[in-house]
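Only one structure is covered here, and it is reproduced in the block below.
Labels run A, B, C and D following the written order; every chain starts at residue 1.
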Amino acid sequence: MSAPTATDRRPPLSVAEFAGPARSALSPEVWDWLAGGAEQEHTLAANRAAFDRLAVVPRVLADVSACDTTATLVRSRSALPVAVAPVAYHRLFHPEGELASARAAAAAGVPFTVGTLSSVGFEELAATGATLWFQLYWLRDRGRLLDLVAAAAAAGSECLVVTADVPYMGRRLRDARNAFALPGDVRAALLEGGAAGRAHRAGAEVSAVAAHTAELLSPAVTWADLAWLHERTELPLVVKGLLDPADALRAAELGAEAVVVSNHGGRQLDRAVPSLTALPAVAEALAGRDCQVLLDSGVRGGSDVLTALALGASGVLLGRPLIWGLAAGGEPGCARVLELLAAELRHALGLAGCADLGAAAELRTTPMPCPAWSAP
Amino acid sequence: MSAPTATDRRPPLSVAEFAGPARSALSPEVWDWLAGGAEQEHTLAANRAAFDRLAVVPRVLADVSACDTTATLVRSRSALPVAVAPVAYHRLFHPEGELASARAAAAAGVPFTVGTLSSVGFEELAATGATLWFQLYWLRDRGRLLDLVAAAAAAGSECLVVTADVPYMGRRLRDARNAFALPGDVRAALLEGGAAGRAHRAGAEVSAVAAHTAELLSPAVTWADLAWLHERTELPLVVKGLLDPADALRAAELGAEAVVVSNHGGRQLDRAVPSLTALPAVAEALAGRDCQVLLDSGVRGGSDVLTALALGASGVLLGRPLIWGLAAGGEPGCARVLELLAAELRHALGLAGCADLGAAAELRTTPMPCPAWSAP
Amino acid sequence: MSAPTATDRRPPLSVAEFAGPARSALSPEVWDWLAGGAEQEHTLAANRAAFDRLAVVPRVLADVSACDTTATLVRSRSALPVAVAPVAYHRLFHPEGELASARAAAAAGVPFTVGTLSSVGFEELAATGATLWFQLYWLRDRGRLLDLVAAAAAAGSECLVVTADVPYMGRRLRDARNAFALPGDVRAALLEGGAAGRAHRAGAEVSAVAAHTAELLSPAVTWADLAWLHERTELPLVVKGLLDPADALRAAELGAEAVVVSNHGGRQLDRAVPSLTALPAVAEALAGRDCQVLLDSGVRGGSDVLTALALGASGVLLGRPLIWGLAAGGEPGCARVLELLAAELRHALGLAGCADLGAAAELRTTPMPCPAWSAP
Amino acid sequence: MSAPTATDRRPPLSVAEFAGPARSALSPEVWDWLAGGAEQEHTLAANRAAFDRLAVVPRVLADVSACDTTATLVRSRSALPVAVAPVAYHRLFHPEGELASARAAAAAGVPFTVGTLSSVGFEELAATGATLWFQLYWLRDRGRLLDLVAAAAAAGSECLVVTADVPYMGRRLRDARNAFALPGDVRAALLEGGAAGRAHRAGAEVSAVAAHTAELLSPAVTWADLAWLHERTELPLVVKGLLDPADALRAAELGAEAVVVSNHGGRQLDRAVPSLTALPAVAEALAGRDCQVLLDSGVRGGSDVLTALALGASGVLLGRPLIWGLAAGGEPGCARVLELLAAELRHALGLAGCADLGAAAELRTTPMPCPAWSAP
């Protein structure tokens, strides 16, 4: 079966098939911003390759008539071992922005991570009833940073996800080529006065969004700073964007309740190891510690979630695929993506003989033979 | 030599070349049902890749003037280390359905597995003279289930092959896309009143066959149920569709006389390990036990059978290729496929210096270097 | 640099580039007979892949102003660690047949292996002045077999190369498809009355050459028969066509002075391990014994020879490439191929810091990273 | 994102993208001379594959607000862990030749290696203010050789880079095919009377440049000769073009202050191991010795430099990419390449959590899963 093309008008039957309709719905520049990665996009491609090169060994003859997919992620209950990943500026993809996606997350019963660069404010998001998590970029201004964390707590965020892999943005050549900038009506709703001024000023061969974050974010943040912040908030701490087991251990020792093994969807260091490849060593390093391992970067369907669980993750963050749903169809689009993901996961669990997520964690994995081969 | 295309009118000279004529003979929907796999079809492709990535180390200077290809599979004598795999509804592919394929199996001297979803009844099949095996799907209704097993025994089945990897059907997106349903004249001949009603009702973006099996089959079946059944029948037990050595061991301990290492031709869990990749660990786990190891999923010719034997299988089930023969030419088509397979296997044994199947079991294997490479 | 195409009229600058002109010079049927392999041609392709996936670690700062490429192969002195492989019926490729190729071998100072199926007789070949080796196929008729060996000895053959991997021909589908048969003027000059009658009778979907050899050759030959022959001739024994170290050991114990690690250029067991992949284990098994290891199947240039030496071979047999030269240009074509091979090898030795073949045997090897990758 | 094509008129945003404009600016023959490698160009392709198949595991939460990229290479201070590789005859690519590239190196603060086959003289190069290194090819005439070294020292060269992998040129088939020769106005400015006479005489199927070097260079040079030279100059010794750890050790024992792990950009032994693949064993062999490990062959951007550092290199030589800049835009083109490389490296260091080069040396690496895979 060949991949559905952008002009394919048939409704997607799998999470993976939502890429086509999303691409059709977006301008090329916004699609590039969403789909693109850093530099030569090696890591972006390898994120998928890592899943494709791994096989799972299913079990049989367990009662799978009622697979239990519920999970506790950090401290939040979730209908699935899945939370929505932080993605900046949802209003780039649909006029309702985070309002649509958060509502879908609420309906699906999965946590929704509000980004520092959310284009919709806390108040509106809290009103969706979604379980909220808050993702923090380390602002240069510590006053604003603490204010932001306090606002997140006040809005009911159940944890604080500090993104650790963005001292500055990766070199995303598509955006520079496109002189990508935010349209005037898309703003950073959580920053003072919705201030994302620099992100709106297009300039030749520069990504305005990258320029904006360079202004905004501190490349000087260290583990000590993180400890400083940890002391100043009650919110459970999650460190997102690490790949080295030593960093994971450091996060756990500092008191983090979860880490997210992530290369930011291939958008930061090109040549960074795929998250899935990095996962087993991180999981092993944290074995026996009170610190969950989550994963993102490359999750495109239910069997990917199963694979991540088999390699030691407690759950995953869903990044681009939810945005595909948002772009293709607003809130119902997001809902359909989450519905398909739930169905795919439940199916995969059953076919792997797993009545719950604990059983999935016991599955064996092995390299998948590569079908690139064909006799000449 | 490039692969023969669908419009290639020259008679196939190898088992593998029968795919083309079969495709030509079938409607696209039926071809998709036959050829397709679950979700992204990774496992489907990897089943072939696993064979292609493996090399066999032949021996020389044995007397191979009369290679003995006969085997005892479970308790049945067979002219080849091959049995026909259970495949639902042969009448989808040719009006004579299982009658044609069973007759060819009888003539070739290999066991024929009658599926729970056979489109021809036991009586007619018994009359073909074929060695019959019976494949059981675990029906929700235990009464019907025992009746079915009793009917199979009465028809002379020499063993009972319980399919363990179908709590429900895998997500076969081609069929959903095609709104695939059974034509009115193709029925489940072994079920009460030929009842496959649901399988005939086409519905948008749904596979009617999948919907039917969801109604029919129990996703709650466990090892304990299997033990329960084992006590209620004299038929030797075979467990089909396992990949994990621990499951193989469990089957052996329960009294199974054979297991079939299989991922159902890539039709159930996408991302499941290829059978051939899983085979050595299963064979090792069962070494010294009175339980044969059979394999299916990806066998396309005599050297594939040789490879499976070298990795520890006692024989293989032939799935799609026999159906190619059926679609392309009814009973003679099936006969030709089995004739080619026998010739290919006898040839391969001789070229590998093996006068019998026992010698094949001693062959060394090693990874095959991948010719995907070409200098730019 | 893309590969030269068949219509490329520029003179080849490397051994590998001779394939194009040869293909242009031959009818499609003869090209297929020359270029083709058994069944799906996996082993044929893998023979090249095995070389391409291997890297050599060169040395530096040795005096390579006069690289010594001379070798003793079996008992023959050779200008290169190369002998011409036995290839049936050279007159299929050029009217002068083995006369042309043997003369070129004589001029280049490398042994020429006369095949059992030579299309030119011993007398004429002896007159070329080439160092002759004789390749024996095990004839069903032992009288003729001993006569043939005696004739070879009388013609001055310096050794007897018994081909061990042809109990019968591999299934070469191209030839069956082409209904390939020998033209009337190409005969088996060494057989009584030039008898290759069956090989001339074309029949639908059958290779007449395969049918002829099936008539002629015994599939019952064993190690005991080989010992029987060894006692009946003074000629040093070489066993050609083995891949398993245990067979190599057996050959050495029987008194063979060399083995040829070979899969017959991918023409016998499809799925057989590439010779180069099999080489190290064979070389290790024979270490310390008085039995040389030669290799063929896939050698296409000087750096391939270097690689084989680094992995433990004392030399290689050159198969198809010499025939490319013969087809493209008769004796001068063969001479050019051998000249290019010598130049390439001398060059490669020098660039690897090897003043002689002994130094090449000390080179390290390591897997070559596969450039199939490219970012999407 | 697809690779920019030769006709792409947009300014390059990465070092890698400079290949396109360079190709557009050059004649096909000169492009082939620059881009080509030896024989089948396996090593050329594998040089890139080696980088692409390797992943780096980044660290997080280090203060990377001011990444320090300065390095001491041999004894020279450099703004980057990068020196310009010796490349013959820069005037082939731009009328200003080495003058342009050396000025750009001076401005960027990186050492510039003057080649034995420089097309601009020492005096002019010294006037650019660049840190000069001198690359020596071992001339047949020892008097000229010592004169040349003395001239290099007089011009202020900070070290002597002896190229060890060119007893003669590799077989570069593109150049032979193109009958490549130097244009009359491009001369070997450092050789007596600018004598590169043979290099100007085009001849069918011969590279005039290869013929010239065969006349000029000695294939007899050994480690003893190198020791002899080492005693006769004060210049710190660097041995360029080795891949085997034993050779590296020998260089260190002889007193070399650095080695360059290099296969000459795939232009010498085809089938030679990629430099990056060879690097770890060399670095390990030299651990604890006073001998730096540098690397070239395949470096195309900042993350390649990071990768080399992670595998044990102290720095890299930049070969073809600087020439791309020269061809595409003279001195400003070179400056832009170096500016992009610096930016990419600084970026990559920061994204890998490395505040300096020492931190990069501590990064873990792991194989990168190959995205060649795609479901059929």
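In this text, a contact is a pair of C-beta atoms (placed from the backbone, for glycine too) under 8 Å apart; a residue touches a chain by one contact, two chains touch by 3 or more.
Computed from a predicted structure; not experimentally measured.
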Top of the farthest list for subunit C, CA-centroid basis, is A
Fit subunit A to subunit D (C-alpha, same chain sequence): the rotation, rounded to steps of 5 degrees, is 90
Given over half shared residue numbers means same and under half means different, the subunit C/subunit D interface is different
Between subunit C and subunit D, the Cα-mean centres are separated in Å by 40
Note: subunit C sits from subunit A at a C-alpha centroid distance in Å of 57
Each of the following residues of subunit D touches two or more other chains, namely 1, 40-42, 45, 52, 370-372, 375-376
In the complex, subunit C touches subunit D at residues 1, 10-11, 13-14, 16-17, 51-52, 54-65, 301, 303, 306-307, 343-344, 347-348, 350-352, 364, 366, 368-376
Contacts from subunit B onto subunit A in the complex sit at residues 1, 36, 39-43, 45-46, 48-50, 52-53, 164-165, 167-168, 170-171, 173-174, 176-177, 205, 218-223, 225-226, 239, 241-244, 246-247, 250, 263, 268-274, 277-278, 370-372
